[in-house]
Amino acid sequence: MDAEWAMTGLIMVPLAAAIVVYVTATRFVAAWGVAVAMLQTGLTFSLTRSILQSGPVQVPLGGWEAPLGIPLYADGISALMLIMTTLVGVTSTCYAAAYFSSLQRDPRRSSSQPSIQTFWPLWLILWSALNALFLSADVFNLYVTLELITISAVALIGLAGKAQALVAAIRYLFAALMGSLFYLLGVALLYSTYGTVSWHLLAETVQPDVLTWCAASLMIIGLLLKTALFPLHFWLPAAHANAPAPVSGLLSGLVLKASFFVILRLWFYVFHPVMPASAGWMLSVLGSAAILWGSIQAIRQQRVKLMIAYSTVAQVGYLFLVFGLACEPMGMLAWRGAAYLAFAHASAKAAAFMVAGSLMYMVGSDHLDRWEGIGRREPKLIFTLALAGVSLMGLPPSAGFIAKWLLLNAAIGHGRWEVAAVIVLGGLLAAVYVFRIIGVSLSSAVPMPEVAPVPRMMRWAPLVLAMAVIVGGIVTTEPIRLLEIGAPPIAAREVAP
Amino acid sequence: MNQILLWTMLVVPLLLAAVVVTRADSPILARLIAWAAFPGVLLALVPPFQIEVPWLLLDSRLGVDAVGRVFLGVTAALWLAAGWYASAYLANDARRHVFQFFFLLTMAGNLGVTVAQDGASFLAFFTLMSLAAYGLIIHDHRAASTRAGRVYLMMTIGGEMLLFMGLVMAFHETGTLVFSDLSSKLALSPLRDVVLGLLLAGFGIKLGVMPLHGWLPMAHPAAPTPASAVLSGAMIKTGLLGCLRVLPLGMIALPTWSDICLVLGLLTCLLAALIGMTQRNPKAVLAYSSVSQMGLVTVCLGAALVKPQAWPVIGSALLVWVVHHGVAKAALFFGVGIAGTRMPSATARYLITAGLVLTALSLAGLPGTMGFAAKTALKYSTANLESWNEALAWLLPLTSVTTTLLVSRYLWLVWPGRHAGHGRLSPGMVIPWGGLSMTVVAGFFVMRWQTLVNPAWTTLAPSDLWIAVWPILIAVALAGTVILVARILPTNVTVMLAAFRIPEGDLVIPLIATIYRLRRRRYRVTAVQLPQRSRRLQQALEETVVPRLVQWLDRMTRSLENDLAAGLLLVLLAVAMLLISMT
Amino acid sequence: MTYPTLYAICGVVLFGIGFYGTVFCRHLIRKVMAVNLMGAGVFLVMIALAARTPSGAPDPIPHAMVLTGIVVAVSATALMLALIRRLHHQTGLTELPDQMEH
Amino acid sequence: MTIHQWLPLLVIASSLIPGSIIFFLGEQQIKLRTALNLAGAVVKILLVAFMLWGVSINQDYQVRYGLVEGLDFALHADALSLLFVSLAAVLWLLTTIYAIGYLEDSPHRRRFFGFFSLCVTATTGLALASNLLTFLIFYEMLTLTTYPLVIHRGTPESLRAGRLYLLFALTGGAILLLAVVWLQTLVGPVEFSATGSLAQTDPALYGSLRLIFAMLIVGFGVKAALVPLHVWLPQAMVAPAPVSALLHAVAVVKAGAFGIVRIVYDVYGAEFCRQLGVMIPLALVAAVTILYGSLRAVYQEDLKRRLAFSTISQVSYIVLGTAIAGPLATTGGIVHLVHQGVMKITLFFAAGNLAETLGVKKVDQMRGSGRRMPVTMAAFTIAALGMIGIPPTAGFVSKWYLGIGAAQADQWWVIGVLVASSVLNAIYFLPLIYAAWFASPPDAWPDERPRGWFETSPALLFPPLITAVLTLLLGVLAGLPISALDWAKLIVLQEYAP
Amino acid sequence: MTVALWILDGLFCGTLIWLAIQTLISTDLFKSVVMFIILGLLLALIWARLEAPDIALAEAAIGAGLTGALLLTAVAATSQPKHSESEEDPQ
């Protein structure tokens, strides 16, 4: 199949399905979702193969070239992000299908729970928008897709319908919109200066002047807000923790990665030559703070989903370390590490949220003390959580380990001991909260808890995802080679002060 | 053939021990156990040989050499006798198999020691013997036995460690563990004195040389009689064998070591005899006698160390000592058991009394017994030790006096018929005892045909006779005086005197008490206070540090994670980023 | 200075006011309006800068972008208001609770 | 890939696959699970035996797989790894049999045996690792797979112990990770080579290398329970006996000790270590650990705690042997790797038997246990004597080589340490032996269970018996060409080859 | 001409900002919404002034019209107190 078809398909298939599902209000809505998932898998596979074979692909959508048309562009990192989206998306789809059908069958629950009819279109739109974002070749398209993602994500949180979820969703929406508008203001400034929104063209012409710096600052800060980098993470824990079971994983795994991906694109492909290393360093410092703050808060939580959500705050911090480390001679390591960590975190975190969702479904709460001894009843789920935890802690063999190894290698290679220490410390703190859950769940101090039955798919989907994380720590050559394709030029410059 | 005999000797007791564990109780087994040491006797008769056993331990050498042969012969014979004796002595003991188990293990170790030709296997057999003997010592589980066992174990382990250190260093210095090379190379090594110090101390514990003798007077009385016999007769000799194996005897003079040996030897001999005389348990008396006799052996060693050229003479003198003391002491211990039984007839009593007196006096050097040969050999060995001549001239006869007094004390305590006996006198006990008692005399005459033994020692020249006899006479006179005086003195004085007793194990007793007190104290410190301290730390953490931290985090969370703060931070960050970019 | 620049500056000021409102207003509907003000500010900047071309004819691309932007803004506003109404329906709240309720 | 490349993987897979399958079996499929477990263990032993034979005829078994550039997953069977693998394989089989008996009718056996197999997998991988990275991977895997075993009972105290274990192990792992990465940035990927690979380093880096060495030692020292990183070990005693047995004898502590051996000999190289001056401090730490562990053991009332402190002390023998350097001491250290394993596992088996059959957990409850359980206590006695270093047990051989090694290196004080430790060992083991055999038994045992024909169930009885016999044989037959000692000498020969 | 246009531009800008501020600080929520709608209409004028008539149309229809309608209904919906404590006034 052609790469162009694959790219178009990745965006259009879920979109079309969303429309069909919404309009026809079919009863077999889950089947549509699964069908889309299968198609997406094939498309992603084909696109990845094509990129591996023949390098980055650029396609003008609808035949118009930039600046008028909407060009699509796929290189190694977009392919990796697409793989990530597909992996998490497919498993989430299966999980959601089981979750909602089980809800429908259970009369006690269906009244208070979100309707299946709204979930599917929203999720398919989100999926489409994510794919579109990863394939975007201009900064305005990035804005539009970001907004689409935000709106569908917020709507998905709102599905939960409880007051807590609504408050979280509203807060998230305000934050996200504010971030988008900051970004858009930056886009406006950039366009007025350089007359283009294609980031390829911008990369060629960008100059170090005040307006560019203003634009860069506005865009990046806006995106930081959407990515929930400390200290702008205030909206995240509640939003992710209160979302319905299949949604939390998507939010933490994919939605955050979207805005992070935009930052990566802008920073390394556009602003890298004009931004001083110290600006990148500032982001790294914030990242380090995020790691510590998020981990500590995660440890302090009493609700498992909140714990996992705060863990996301910490993991996002890891992603931002790359900006301070991406300079010669170790820059490539850091870049690969961050990209791979995005992938690893998406899978691991989605798996963790799915497990939390399943157990919450069974027990009726995600309060840790209600989970006492649950691991004796549901060993597979806790095992899955542990596997995901392995990656979050950065322990081998897992994708998280490979990523953290690369980051650590870069940090030490630059003599950045404080960063290295934070990376390691973050892993340890992660161990504290992961094992806090596992420890409680394996406790035999209480009689074995009685739980509601849960569909088999809600056990298997997270396990598959968690296994993927482990496999990602073993089969690494291909993904890392993928990241070489269209990798940004990491300029040779000195390490920040 | 010799090899087969050697392996039979080593393995048979171990196999039997393994069978005994299952509590099999058959007459055949009992017979076998009694005969278990027999291959050892046979092996002592074969010509010297040596085999290499590379797979055993650290490249072992086993074999019989001229010196080892004598040790082996005595040891095997004593174990054989003890085996017979034990089968009768313990016939009615319900925990017979326990005794037999340890008996066999100890035997295997003891026989093994005599054929071990390298340090590692020597140490292995030595340890097997020492540890298994613990089971013999505490066999009857009386409080005294248990305490004796504990002291014995402590000192054994201590000795073990000294030997370990010594051998490690010896190996480092010489590069070999084979005794024949080791001793000659050790003579030339710079660390010789340290190594010898460690090894001699280690062997000295087994040998019971003062001040390392503490365990001996406690353990020997505690063990059942057949065990005491081999403990005293055979096992403590392994200490001597060890010394012979490692000391560069006949090669160089080591005057310092010689002085140490002589002083300690003489001290041991005299003091042990004096302390022994205060004992009331005949076995304790015998134990002190052993200590005392080993003092004389040490004197011989000291002589050999100062006069290497005289080593052939001294060496054979030592062997004579080994044979003599082994046989006589075992016989005396057996005698304790026999004298305590109900005598079937007056004839039997007279015969037994005669046997006891004869053996006892042999120890004192009565002419016509092996003791005489030993005494004479000692005199020959210590002749012409320049600086020591004068001292030895009156000290050695003095030791004869004390020895005689000591055996008199023994005879006094066991004199058949003085106490109402209990238990039947069984032939199983009498025959080994009688055999050994007769050997005391017969051995003397056998020695005359032995090329090993200097003919001068076994000639009964009148001058020698006199020299041998007068100390005995003096001692007998003294003993008589003491008895008379005791009769004359008012009763309350006798009682007072009798109350004066040195406990078995003399010096060791206060030492052990101190150790225990210290340990109990230390236990209180570590076991009780440490947890308390850590609990206090934990409490401090939980009650102040953690809550404060949590409070601070709560405050931080409140002030950071809200809409307003986020909005302000957003602006702040944007401005910061811009400023950073522009600088 | 040309007049589009004036409008551009005005747009930035509007953005700032909107930002202020988004952060400091308590009532959710007012917050919604504030966000829209921010958006309006951005659009103003875009259009103003598009009008600043040397040829005189305005650049069409920002117009397209702003059109898209307005559509996006309206859908976002609709979603916001829907959520707010639902929140009010459930709890009677019209403001976000101060304390983070996880 | 040829069979020579497959073999190391197969050795690992022989426990990984049964372990993984067990998770998916039902809790009640006992027969199938047992069969799988035993089959895996037997296959592993066979494979290891085959590999031993291969290595002895100079066959090279290695496999390499690139993860990221400069990050290779590599396995290689050299003499040292085979020594450890053989130990792990043999003891795994015995422990599995023991565990089957021990955990009869207890809940969550599926989880237990699954993680048990994974734990052995990690140990095997660790042994076969041919570079630091691979080692690290299995080291962390070991931490993770032992955690469920430590908290197996799920009681509050076992959870606490698990937390402590993790705290130490993961922190150690983190420091290790830092050190490994740092080392890699300085000198490139670190492969284990027979005589160390850092000797050619630029002298300007010596300071960093020293620091890295210290970090590596801390990282491994946590598992090897070097003082003051030992705190977790006595707490981990709450785990079931087979776990303690495996933890103390093969898996966890040994992994740490093995790591230190690898670092000193195969990464830095003994000669280079001496040049850096890091050996003496290491030896001092080991010596302190030996004495401290023994001292604390004396005061423990709980049998398993006493054994735990004994482990702390004994494992440092290995470290000490490593740190003294010199062929003889190294031999002693390496051979103790095996000997301590065999002896300690015997002790834990025996302690487990006491607890399981008689309910005896405290030292003072052991009175007369020898009469009730003679075989168990005989095994215990032999192993305890071995710990003291009484000839002709295995312990003596190790101690002997450590001693003469110390003499060879002119580190005379080490002999003092060895002797002191032996004395302390005697002080805390001999009273137990005495109580077991010579003291009279109580009227009723705390929690006695009828066990039929044998003194306890055969699955509990034979493993300690076998290891006790091994303890003796390893000592008595130390000179035999297939003994652990001989193998250790071979390793050392390669190490110190010109 | 230029001056008049400048005055007009100034007036537009001033009014815009005044309306924006009024929208946010007005005590009455309903009044705020009205101000916001007026602001939308003014923006439409400004779009026209900036030679963007397409945007002007869109703004008038969507920005001011649709948004205004949505806001008004939302205000109406949320001003009915559900619980006793839910008092409407932000001040």
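Labels for the chains are A, B, C, D and E, by order of writing; each one numbers its residues from 1.
Simple rule for what comes next: contacts are C-beta pairs under 8 Å (C-beta built on N, C-alpha and C of every residue); 3 or more make two chains touch, one makes a residue touch a chain.
Quick caveat, the model's predicted, so the values are computed rather than measured.
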Best-connected chain pair, where connection means C-beta pairs in contact: C-E
Chain with minimal offset from the mean of all protein Cα atoms: D
Maximum centroid distance from chain E, chain identifier (CA atoms): B
Distance from the mean Cα position of chain B to that of chain A, given in whole angstrom: 78
Interchain centroid distance [CA atoms averaged], chain A/chain D, Å: 42
Centre-to-centre distance between chain D and chain B (centres being mean Cα positions), rounded to whole Å: 37
Centre-of-Cα separation between chain E and chain C, whole angstrom: 11
In chain B, residues with contacts to at least two other chains: 557, 561-563, 566
Per-residue overlap in chain C, given as positions that touch at least 2 other chains: 18-19, 22, 28, 50, 84, 91, 93, 96, 100
Full enumeration of touching chain pairs: A-B, A-C, A-D, B-C, B-D, C-E
Chain A residues within the chain B interface of the complex: 171, 174-175, 178, 182, 210, 213-214, 216-218, 220-221, 224-225, 231-235, 237, 274-276, 278-279, 282, 286, 293, 296-297, 300
Chain C-touching residues of chain B, taken from the complex the two chains share: 557-558, 561-564, 566-568, 571
For the chain C and chain E complex, residues of the former touching the latter: 3-4, 6-7, 10, 13-14, 17-18, 20-21, 25-30, 32-34, 36-37, 40, 43-44, 47-48, 50-51, 58, 63, 66-67, 70-71, 73-74, 77-78, 81, 84-85, 88-89, 91-95
Residues of chain A defined as touching chain C within the complex: 67-68, 140, 143-144, 147-148, 150-151, 154-155, 158, 161-164, 166-167, 169-171, 173-174, 177-178, 181, 184-185, 187-189, 191-192, 195, 197, 234, 237-238, 241-242, 301, 303, 306
List of chain C residues in touch with chain A within their complex: 12, 15, 18-19, 22, 28, 31, 35, 38-39, 41-42, 45-46, 49-50, 52, 59, 61-62, 65, 68-69, 72, 75-76, 79-80, 82-84, 86-87, 90-91, 93, 96-97, 100-102
